[in-house]
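Below, subunit A partners subunit B and then partners subunit C, in two separate complexes.
Take a look at the complex of A and B:
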């Protein structure tokens, strides 16, 4: 470099840095129109009610903002789902707003990868594609009924070829199918744990996965300590001592896929007790006689061997089930995870109905189990904001993938879901996606699915955006959740649903509203007449503000009157369904049952890019920032491995390596691997941290519901090269066995 | 010193050091004085509100409108009803006041553009400074002389520290970077 060019360059660099220092983003200050009577308190900040969207449970939350920044998230005390509580993932959402890896500009995939384009161009491209697609498109979200799915369905729903689907949490579909046994509409059974004295949890990891961890956490608190003289007792049966099982009074390590047989065996003893003690006069005697005959083959002595329990263990469940009535049975992932899941759920429903019949004189219980009087409104609200339940599941997703492979779609919209990462390899979602001409990902972060899309639209964080949502997982009552922006958008994002509306309008399609906010307001008006308990004298605008203050609408009296109990003919229908089919497994020749499980921190993998969630110790192992495989110390000894040794877990579909964590709370024939690790394209905190257990799974499905049977895979485990230091927060067996850090 | 007697390498080193010194000086200058050069930023506001007319000509105290300054960490921009308190009667037909009242009557907040701002890692509390009788103008400049408010200060850390040292206010990191 000669002197002249050196000087030139120095000059350019100096002026560039000076110009850089001048750039500023103009922020707005938006004061109240009227000072509130109670005086807004700028020191403590303002609390806004909205709805948490980290999972589909639909918890009402309140968010503290100070000077236009989100500071703290808590549960909304008057909300029927959250009851004033929020889980770790909900609270960590405050961090994800400011995440440095958030997408800030629309990106179009060209020959050299993604390149940033402006919003105007993105809308142009989208509207042109809408016109060309002529309805041959799909809308895939995470299974939530929200404003975005409502808008997509209202724009495209009437076109031939349009498919709406939800990539729902595994197990949901089976729970719905199991719930249908009692009613002729899709619903999720919600046993009333709040008022139970004795509860049997059949593989129900209700505090860490499944429909609604926060709701169940509240129910557990009520059951244990909500009543002055009663301490509810809980028994957990399943192949691994999960975080939920750890707070129960007893754990029965039943082999994988056998919980249906356990339920029927308990039912057999209960039915005999009802007959001999002349309990439950509401049950027709001839029904009892038929059940007694049908359940003969499930006597504790006959099934004890396959359950690997002693007959008295089964009686230890059945006798308190009657004596400590009211009792409930809750089924969870260790039931729905196998191909015989729905059959087992029938047995669970049957037991719960027996429990109601026994306990009805003592306590009003299980009213939430029965068809709710409000269910019609609940369903109509859900449909106004999206798609019916049956679209939220693995069956619909499988059909969608088949359609994609056959070239049925010229376009697809993927809204806040990551199926390339969190569906099993056996589904081949990624390959199918490549066959769709144009895919749009509406997302907050780059992830494995967005990376495969043609156009990526950075959405507002849900704390910055308008929406509405109806939770599926709330007992009995219809709930209309509102989601409002609590801060101004932090980056240059736009609301994904607003962009869909703008592009559809430009493509001359009929749109339900101009903006998402207007769409939500329209839905409030649509249902206002039925929103009982809310002040009727308010003007439309004041009513909307009332709902925004509360966080949405739900009936004021959650503990509704007991609805009619199914009896007579409904009870009779059960005589044919009392069967516990043998579980079937993929890779049955392999020695170990694979037990993928969700943690409350990672969810299905969405939590992996959050420092707060990675840092939060796992409730069982107390591991942080780390992936692991749990196996019984006996198994570990047989394989010749100790804590931290790497093992290779493989199936016909793929293999992962993981450090061993010996854990006494797991059956020796089971290896457990957490879901949500092993990202390849989800930011620096998530990438390369462990392996993705979904790559080991085929697409085995439940025989009745078609739901993903995500635990019916057997695997090989062998010692691999290397070791890893396990970053434990404490010893899982308690403080005194832990290692003490010496300073 | 006769430069021609030095070897070419030494001459290059001296040249380099001189340039580096000049560059460093220029950089320090930009960092230190830059804020003073940037004082002309006066963004257009949705309402042409004149501080000069209100605070100077009509002698309305700052805290009549910025009510939270003495009570909280922020000074607050007044809500539209505070404008309406007077302008229901005073010059209700002036075009800017018609605009303001339209916001009030239609329940639409006015979206002001923020002129003074601190980064998120700085915690500033108006209340404490008012309690110590620090005049608003000390930081915000002569706002009462401005028709359109302009940013008179970028608040580099030295600005805060100079005043804190002068008045024996705390200067440890945690005072502001909490």
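Take a look at the complex of A and C:
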């Protein structure tokens, strides 16, 4: 066929097909785009189960990889913490693994600043320092029980002078300490919100801060609308209407540090109701009488004034607490943030126990309510990687800093934590660090702490590394999380824990294994007998693969090792505990209470270098890329400022300036500042965004637990020079008024 | 799956009635806690670009899914509400009729689809959308090396001058149907989950085929709590919201 006839023929064919397709107007368009799936055939990729390490909650996740690249992070549906879901911070890790500012080469500080060195030299230096330190070293991490921390403990743990510590999220330590006297294994309580009908949240910002926003999110969804006939009701008391408070049905703006008194006042009404209605026969009558006397001073009429509520408001909590049982009380940052936090937690636990006694149906998980039958198993699992439970928290950190200042350490290893940035100025971590001869930072990014270290070792991202993790805040069942590399290391990094092992071996120290992977495998074999419900017929290797496939081990239900102690007996312990001490504040002469809070995106500042997290609007303010201070419009008017005006917030420890965001959901005597902003050395996206609220804090601690009382600071606020355009995603009151949508 | 052909009550163009699927999303406002996990989930799945501080200041951020926030009342009787807002996939979509090049059209499965390589960037659709959920690429997306390694291969990266918006994770719908076909079965309820519904910790977002009268979305849409946004505009969205509960205030 010649070219001419080909064109003729194809012309005829084309016009014929055009006529055929034109039978209806719409079809002329539709056939072209019948499958407009972007022209791509979706590939499934490979999914790996691992553990999210963005915070210490230990959510099981699955990661989608295509051609050896991380694409998407989702929750592991069978995992008891994440229940198939993931939060914003967890999902943003898919981006941080490819962050252009990841560290790629070991760096040693010389006279002219950091200098890149090779890995061999880094191991040499490290092993020489290990030999010289003779055990006089410390290992500081972010408070997680993971393989790296277990390895450090096993190498150095038996040496005199070694200290292992965790720079935990503020508040955890108090939550743990709150029930220490009652349980064999102290841990954060997870009241059974899933099955509760009525919940009182005492300053518990469970969707914004730890232990697991994802777990609590699932529990809240179940409580609210998980049952066909019951809509769970929640009440929030605290000085700021947080994103968690926003979903509650009622907000009670109680003055800072008074939530313990509120809990006791509710308890007073509940105890009287139990007595008059003859409820809860399992509680000894003499105990009821004793409580009734002890709680007399917390009658709603007597405490209403200091709580700035009407007595009916308190009854509005107490009466449904009995009538709409099962009920739970959850305490959080607005309780633990003050120096009287742990005392208030006793009141909270007391209420939870009363709820358990009067509940028409018993709630499933009432952690700490009674010593749990499986406390021992939980403790063994939480410590399975060799990290003692006591290693974490602010009191341990304070002791560590004191030791550093006295020159007790010739070396320190700082593993994925940034205490120079996220601990209060009053702790003086930076000064103490300078007194330690040689500090090693194992990190993914340059940050304020790594900048102060002598040697910086770029670690694998947790998506590239072997590890394991045992959360000590476990809802219900013991959990052993596995972390496996889902991709080959993308940059020229090496696993920090592998380097520690190599250097220790070179220093002729006894090491638990040659690699982190071998360490984790060894631990699985060691604890296999404890791992109930796992297939017994599998070989060790097959068992390991089974765990890798599932993401770790957790039983559906554990067999009880011992009978629980009757709660009546435990309740008796409370006879002398029902007290709510007055809150104490630093800088009491200043007019405003400082309310530092964690947002859903920044964490303690780790999220600040992620474009996704910076650009994601904050739930309450809908601000993007920006730092702010929240204050009541009344307060703003008194100070003569409007949205975007800069104010200076100062305490005896320091001062920051921030643009004002007037917010009606905050008490007029409180100013709220998000934590995690104000980086000075954390990359292009993070640096210079606002101020670090930690620079305003002393190191005031809880009277009982020694935890950081991070909300017990009063500050001065004054108008400062300048204005800032606030980058809101929404109108101050929402794009449209809520009534438009008739919500 | 039970599909009642011929008895479909979906308000739509007639060609849709012959189709097995009519995708719908139900968002329970009583469950939403505003945590923003869906926003990041969507961003990761759909290669949604970040634009940076300066462009955000010009309201040019690209989030296909945003969480509306409403603050009502005066202190201390304050109530804050959240409402996840994405393309509503209207059956009578105001954006479709104004596109001069048919870059936005209604597909047979009830989705409002944007065809990127047709779009010439008139932005008529964005102006006409009552929900403000269409986003225009003012610049070429910035996915510099090595960030581009995270890009989802199932979804194209949009270029400058193109309008984009929520696709209900078209690629996931496609994959769900492919998987079902490979396994020799029909798509069952829950097979397909857009990234936002998959990740929502509180379980506020449900996705499914509203033509299937056994599906969760069908039941929820008929639970009595369902509302459409701006119903008076007659857009008949495929996204429906379940109203919140009581609004208790102190007083």
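Note that the second predicted complex is superposed on the first by the 668 of 743 C-alpha atoms of A that agree within 3 Å, B and C clash if a C-alpha of one lies under 4 Å from a C-alpha of the other, contacts with A are read in each partner's own complex, and residues count from 1 in each chain.
Assume a contact is a pair of C-beta atoms (placed from the backbone, for glycine too) under 8 Å apart; a residue touches a chain by one contact, two chains touch by 3 or more.
Predicted model, so just to flag it, every value in this text is computed and none were measured.
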Subunit B versus subunit C as contact partner of A:541, first or second or both or neither: first
Touched partner set for A:250, first subunit B, second subunit C, both or neither: second
Subunit C versus subunit B, contacts on subunit A by residue: C
Touching partner for A:523 - first (subunit B), second (subunit C), both, neither: neither
Subunit B versus subunit C as contact partner of A:313, first or second or both or neither: second
First, second, both or neither for A:95, with subunit B first and subunit C second: second
First (subunit B), second (subunit C), both or neither touched by A:725: second
First, second, both or neither for A:69, with subunit B first and subunit C second: both
Shared subunit A surface residues [contacts with subunit B and with subunit C]: 26, 29-30, 33-35, 41-43, 67, 69
Subunit C partner contacts - residues on subunit A that touch it in the complex: 26, 29-30, 33-44, 66-67, 69-75, 85-88, 91-92, 94-95, 97-100, 207-208, 213-214, 217-218, 220-222, 224-226, 231, 233, 241, 243-247, 249-253, 309, 313, 316, 490, 600-601, 611-617, 619-620, 622, 624-626, 632-634, 663-666, 668, 725, 727, 729-730, 732-739, 741-743
Interfacial residue positions of subunit A with respect to subunit B in the complex: 7, 10, 14, 17-18, 21-22, 24, 26-35, 41-43, 67, 69, 541
Subunit A-touching residues of subunit B, taken from the complex the two chains share: 19, 23, 26-27, 30, 34, 38, 41, 43, 68, 71-74, 76-82, 103-104, 107-114, 117, 120
Residue ranges of subunit C in contact with subunit A within the complex: 13, 15, 28-37, 39-41, 43-45, 50-53, 56-57, 61, 63, 66-76, 78-83, 102, 105, 107-108, 113, 115-116, 132, 144-156, 170-172, 174-175, 178-179, 195, 198-204, 227, 229-230, 241, 243-250
